[in-house]
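Shared between the two complexes below is subunit A, which has subunit B as its partner in the first and subunit C in the second.
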Partner chain A sequence: MNSAATATSEPGHRAKPRPRRRELREVTLLVATFVVVLGVGALRPSFMSFSNIEFMVLSSVVLGLVGISQTFVIITRGIDLSVSAVLGLSAMVFGLLSTTSSMPLWQVLPLCMAMGAVLGCLNGFLVAWLKIPPIIATLGTYSLYGGLTFIYSNGLQVDQVSPDFAAFGNGNLIPFLPVPTPVLALIAVATAAWFVLNHMKFGRNILAIGNNAAAAYNAGISVRRTLLAVYTISGALAAFAGLVFVAYTGSATATTGTGDHVELQSIAIALIGGTAIAGGRGNLAGTVIGSVFLSVVITALVFLQVPAIWYSAGEGLMILAAVTLGARRSSNP
Partner chain B sequence: MSRTSGLLAAAGIDKRFGANSVLRNVSLSLAPGEVHTLMGENGAGKSTLFRILAGIHQPDAGQISLDGAALDLRNPSAAYGHGIYLVPQEPALLKELSVAENMFLGMLPTRGRFPSRIDWKTIRGQAQDALSALGLDVDVRDDAKHLSIAQQQLVECAKALLRGCRIILFDEPTSPLTGREVGILFAIMRRLRGQGCTLGFISHRMEEVSEISDRVSVLRDGAVTDEVGRDGFDRARLVRAMVGREVIFDRRRVRREAQGEPVLSVRGLAHAPVFSGVDFDVRPGEILGFSGLIGSGRTEIAEAVCGLRAKSGGSVMLAGRDISTSSIGDIIEAGLVYVPEDRARHGVILPMSIRDNATAGQIGRLQRKSGILNRGREIAIANDTMHRYQVRARGIDQPAGQLSGGNQQKIVFGKWMSTNPKVAILDEPTRGVDVGAKDEIYRLIEELSAQGMAIVVISSELEELIVLCDRVIAIYGGKIAAELKGADVTAARVGAAFLGAEAH
Partner chain C sequence: MKYLFPRQPWDRALVAILVALFSGFCIFTPGFYDGFHGTLAITEEFLPFGFVALGLSVVILTGGIDLSVGSISGLAAVIMAILIKSYGLNTWLAVLLAIGAGGGLGWLNGQIITRLRVEPLIATLSTNFIYSSIAIALAGASPPYGFGPAFGELGTGALAGWVPVQLVIFIVLAIGFSGLITRTGYGRRLVMIGYNRDAAHYAGVSVASVERRAYCISGIMAAFAGIVLASYYDAVRADMGDILLLTSITMVVLGGISIFGGEGGILGVTLAVMILGVLRQGMLIAGFSDMVTTMLIGAILLSSIAIKNLFSSRGFDLGSIIRRLSSLRPPERMAPRS
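Take a look at the complex of A and B:
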């Protein structure tokens, strides 16, 4: 302790009112996103076309949904590597049911989400009851769930979903409002997630556990049940993201999700957005904007005619750059 | 706030952790409106006893009762329910959450029907009021990570009061505080006592204990050895109760006055405000004791001497060479080693084998020219360590983590001594080690000193200092408070210096 620290640490003496630090991360990310959009748009006008913007928005919805669930998991000091596999399995179930069965959308949709919840619940059980470190538990279920997709699809792929189902992906729920249904869904999910995290006991318990699980337990918070719920929600949201994916791309393969490393993308989004990898602190607005940023960057690489073999490396560099900048800021409060 | 707490009594408490018996048939009662202090050496079981009363640990035997009614304290929430709250040694506030939220952790009030929202307004208002009542002026919306330790402790007090707790146990609250902060804490403790609260307190500092306590219980090796009321305070009596058997002090008959040039010479070592003005010499073949409480700065001084911690001033000479700015590697090479206090963290790599641990300090010397390790030499060194230090293990390939604390310590010793140092600084060399192994470690230290090594033993155990050392330096508040040698190295003198009672 130096003398300055001692002066502010005396209990009876009010520390100088600390200015509530504006979190600038969202602003920085938004600016970065616009810079990329305008820059690439100037070079390649078709980047700014309506159909491409719609494509980027829809793909950021997929990333955003998984990113939000990953944010919750990371806040608890956990990680969920199985989200991409759940996304892929859900996409496959949805796609096959839409083409091979006569089940209506309103039945398939909750069925897929319930399946995602069950798979997430298994993750939660492994982590909270069997005390398996999250990274190991979900690495195992990543392979398991990804393998189920192969078994279920028998290697087949879905090329065309029925128009009813596709309508869910690119239709408008509210007439006269030209906003695709998935975007409305993301807004609803993000708002609900924000409300839960800031204004409900469940959300505060998640934060408390991420800060110090032992202290949370000592304060009477049920750590195991909260963790189970967080992983269950993560599974359900990943499944929902899979539905959105199939609905707007119209296809599903056995490597949907896992092939694009959506699990790593979702972690990157959460970290870019300002969620602490050590848990206890999360930024949902940052996650949502981060998903837009990542989707724009990935699409920009395509438009800039970067050779396809460079995509993965380019994406990785962008993520590292964003996370490094973020880490420097947060280590310097 | 005038309701008094009941009489909290623990009777016949036994507690073991694994093979280690921490409390044996301990009985203690805390009366309403008193400050009841636990004293005892490190490891005597004070914290464990408080943690049992607060529902964090469950006793293996014995009973806890409040006003005669038996309590079942299966977890901390149950203890809160009975009005018992422990302010832990390290305040466990959640750093990224606001002060207000921390105070209501696990009992956040909500309003409205589903989805019922957290009532932040009520939380902030009540939290602010509770802190103001204690005279703590911080913004409850601020993150807890911005508070000082002293402020965090007061927030813990306020948490206790918000939960309606009237029995508040403080586990060694003053060791990280400045004198002024201690004054503020004591003022609040007196106020709470005046309101009929029962307060438990742990401290090593004699003057604090006599200032605040109404009653003192002394624990030694997991058993209560004495209990005195306010009128019966007597330093000598308390020290005797803490330390016990004086017979063992006779073991060392001769305290040598080492001759010759000092091999390690420290002048004006400082790093404000942790320590300052530290001067001392150690001569070959001498065993110098460093006594002092945890937080006195003794470990920090040793780390600064060995280049493990920054210093703002002063010089360190090793065998005539200035090493104050040398790298850690050079310092070890020059012949000064530090064997740290926390074996598991800094000393021994638990999952690795005895062989790997024993050679870790000189792995560079075991390389052949090709860069491949000389396995035969490795095995020879490990076997030699096992033999010389009498390590009891199945073989050199047994993981160190499976050995007892004493045997782990012997390996750490072997690891450092195999580098043939001129000076060794041993921080709490027998912490967590059973009596038999303790004796063997003492013998080893004496043997090394007889071979001409200069040894500094840092210890908070009086007995250890008296048994081992030729000379004892007492550190108090980051300064050398006293130096005792020859016939002055007695339990009474060292004990008094250790508690800050013996001024220069």
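Take a look at the complex of A and C:
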């Protein structure tokens, strides 16, 4: 929005070499997380209990999955507001499916990812082929998918899931290792995403498009197909997050996801984690740590008895702070 | 007679759609045509969306976006209700103060966007949630209601017994906004910034100050819509404005204002307000749920931008359509220039 103003008002800034800031962001976030844990733990000792820490880590898994999908989209200069609606739809559909049919989890999982991929694919088509700005395209599909959830649920809500699901949400995949399955899933997804972004041609294409779409096109990158793939991945990951959510909590309503403003949370996580809103720069480690940070902060607010209505305001302030500080640090916003 | 009819092809298409839609509902939906006066009174149901759309047009013309209109209107209505109920202020003074507060909130958006250099969509997405939290906190558990019959006239009253007050205000405001955009220096600067922001900057336009005022106008109109809603329902809810955003953006975009800025006019927006309003009320009367209506409006939003992108400034002839559909041109910039 302000390329002209910046270019003219701060000509000297560009000459300086960019300082190494990327590693700093993770360290800052980790320190901030520990400060919050220790600070609130000093006031409310039960905050430091093992069960609460396990709860915070588990609840950061859903945020982390959506955050990773949002990170990919933001790197391409886009934004995906429909993640919360996809998450809610997937939680509703597969939560109901687990009780009405006796489908095992290994069959549900690909079905869920496929549904999310189709929904995300529509976003990608709108953005890449019809050239609708991502914010508007995903705002439209947000209302479409949110409406689908209402129509599908038809007044029903999920209040229990099959034992298979519950074991996935709360159990440990590997015996003798006290790490819940969702945490392992997040680690696997994050590692895969990191590998794709930093060590595969596809990931470098995403970064190139975010930096300069026209240059990427001229360099022979198929911009449209890459964007389509990015939004498809985003939808699939959001649907997977919905599956994890319903397996872990055992409940879903028609306002799951959209009611908690997951889209806002995911944008906040990605931006706190050091992903540039202007595109072209992403930090997946920062996103994962950012999701833990956000989950810790929200739980801390619960422990400090802050009314729930202020959470989304706090997330909004976090986004503004992250974007403003990010713009200050990098000389070329 | 020639000049009474809209000259832009887009506006002509909108007129045709409006006529077709209106007569379609009159014929096929029992209960939609409720006499001349009754049908005019339908406008009361959807004109608050139109007020927001007018303010939003100004912002979208600069190439920005304001996602916080819904929460500004909720917050302004809550502020007005608290001023009346808790401080015993005169109703109309409270209305003025609440509209001023809306302007202040919009101005704050503008400050964040221009001074802190945050992209409009991120800035207003964040302030949307901040404002709505404040509104919910202020409104408390039992939102106020009952502001007296004189205040109710704003939302439900009718001049001379048959012209709704809202409709009169909307027509006056639409003419005013049209004049603002086409007949004043400020309006031309708005369009110029949307058309080419760098050119405007080098032509000596103070881009930041024009933008700040645009967000302020959007905030004022959102606050006014919130007050009209409060008057219509004779009650206030903090989340009252949440339904406004999607429909008003759709009205602006369907009205022919380019989502990238710098193109379009108020006449089209006015027609789109009528089209979407008739569609919304017609579907509700025909028995569709609010959710289905919202989904349809989302679909209209997407398809109207898609159609506009495919046809933009390249005429309506078949050859250009085929070229556009089959071309493999690079996408210029994916986001609105930022």
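As a working rule, the second predicted complex is superposed on the first by the 287 of 333 C-alpha atoms of A that agree within 3 Å, B and C clash if a C-alpha of one lies under 4 Å from a C-alpha of the other, contacts with A are read in each partner's own complex, and residues count from 1 in each chain.
The rule is simple: a residue touches a chain if its C-beta (ideal position, glycine included) is under 8 Å from a C-beta of that chain, and two chains touch if they have at least 3 such contacts.
Computed from a predicted structure; not experimentally measured.
> Regarding the shared-chain residue A:Leu317, is it in contact with subunit B (first), subunit C (second), both, or neither?
Second partner only, subunit C.
> Pick one for A:Asn218: touches subunit B only (first), subunit C only (second), both, or neither.
both
> So, A:Ile132: does it touch subunit B (first), subunit C (second), both, or neither?
Second partner only, subunit C.
> Between subunit B and subunit C, whom does A:Arg281 touch in the aligned arrangement: first, second, both, or neither?
first
> According to the contact criterion defined above, which of subunit B and subunit C contacts more residues of subunit A?
Residues of subunit A touched, subunit B against subunit C: more for C.
> Taking the superposition on A as described, I'd like to know which of subunit B and subunit C A:Gly78 touches: first, second, both or neither.
So A:Gly78 only meets subunit C here.
> State whether A:Leu264 touches subunit B only (first), subunit C only (second), both chains, or neither.
Touch status of A:Leu264: second partner only.
> Once chain A of both complexes is superposed, is A:Phe195 in touch with subunit B (first), subunit C (second), both, or neither?
A:Phe195 sits against subunit B, while subunit C stays out of touch.
> For A:Arg204, decide between first (touching subunit B), second (touching subunit C), both and neither.
In the superposition, A:Arg204 contacts subunit B only.
> Subunit A residues touched by both subunit B and subunit C?
In subunit A, residues 1-3, 5-6, 8, 214, 217-218 are touched by subunit B and also by subunit C.
> Can you check the complex and tell me which residues of subunit A touch subunit B?
1-3, 5-6, 8-15, 17-18, 20, 195, 198-201, 204, 207-208, 210-212, 214-221, 276, 280-281
> Note which residues of subunit C are touching subunit A in the complex, please.
Per the touch definition, subunit C meets subunit A at residues 63-65, 112-114, 116-123, 125-130, 132-134, 136-137, 197-198, 201-202, 207-208, 246, 249, 253, 259-260, 289, 291-292, 294-295, 297-299, 301-302, 305-306, 309-310, 330-338.
> What residues on subunit B touch subunit A, complex-wise?
56, 75-77, 80, 92-97, 101, 105-108, 110, 115-118, 120, 135-139, 141-142, 146-151, 154, 178, 180-181, 184-185, 273
> Note which residues of subunit A are touching subunit C in the complex, please.
Per the stated touch rule, the residues are 1-6, 8, 76-79, 126-128, 130-137, 139-144, 146-148, 150-151, 213-214, 217-218, 223-224, 227, 261, 264, 267, 271, 277-278, 307, 309-313, 315-317, 319-320, 323-324, 327, 333.
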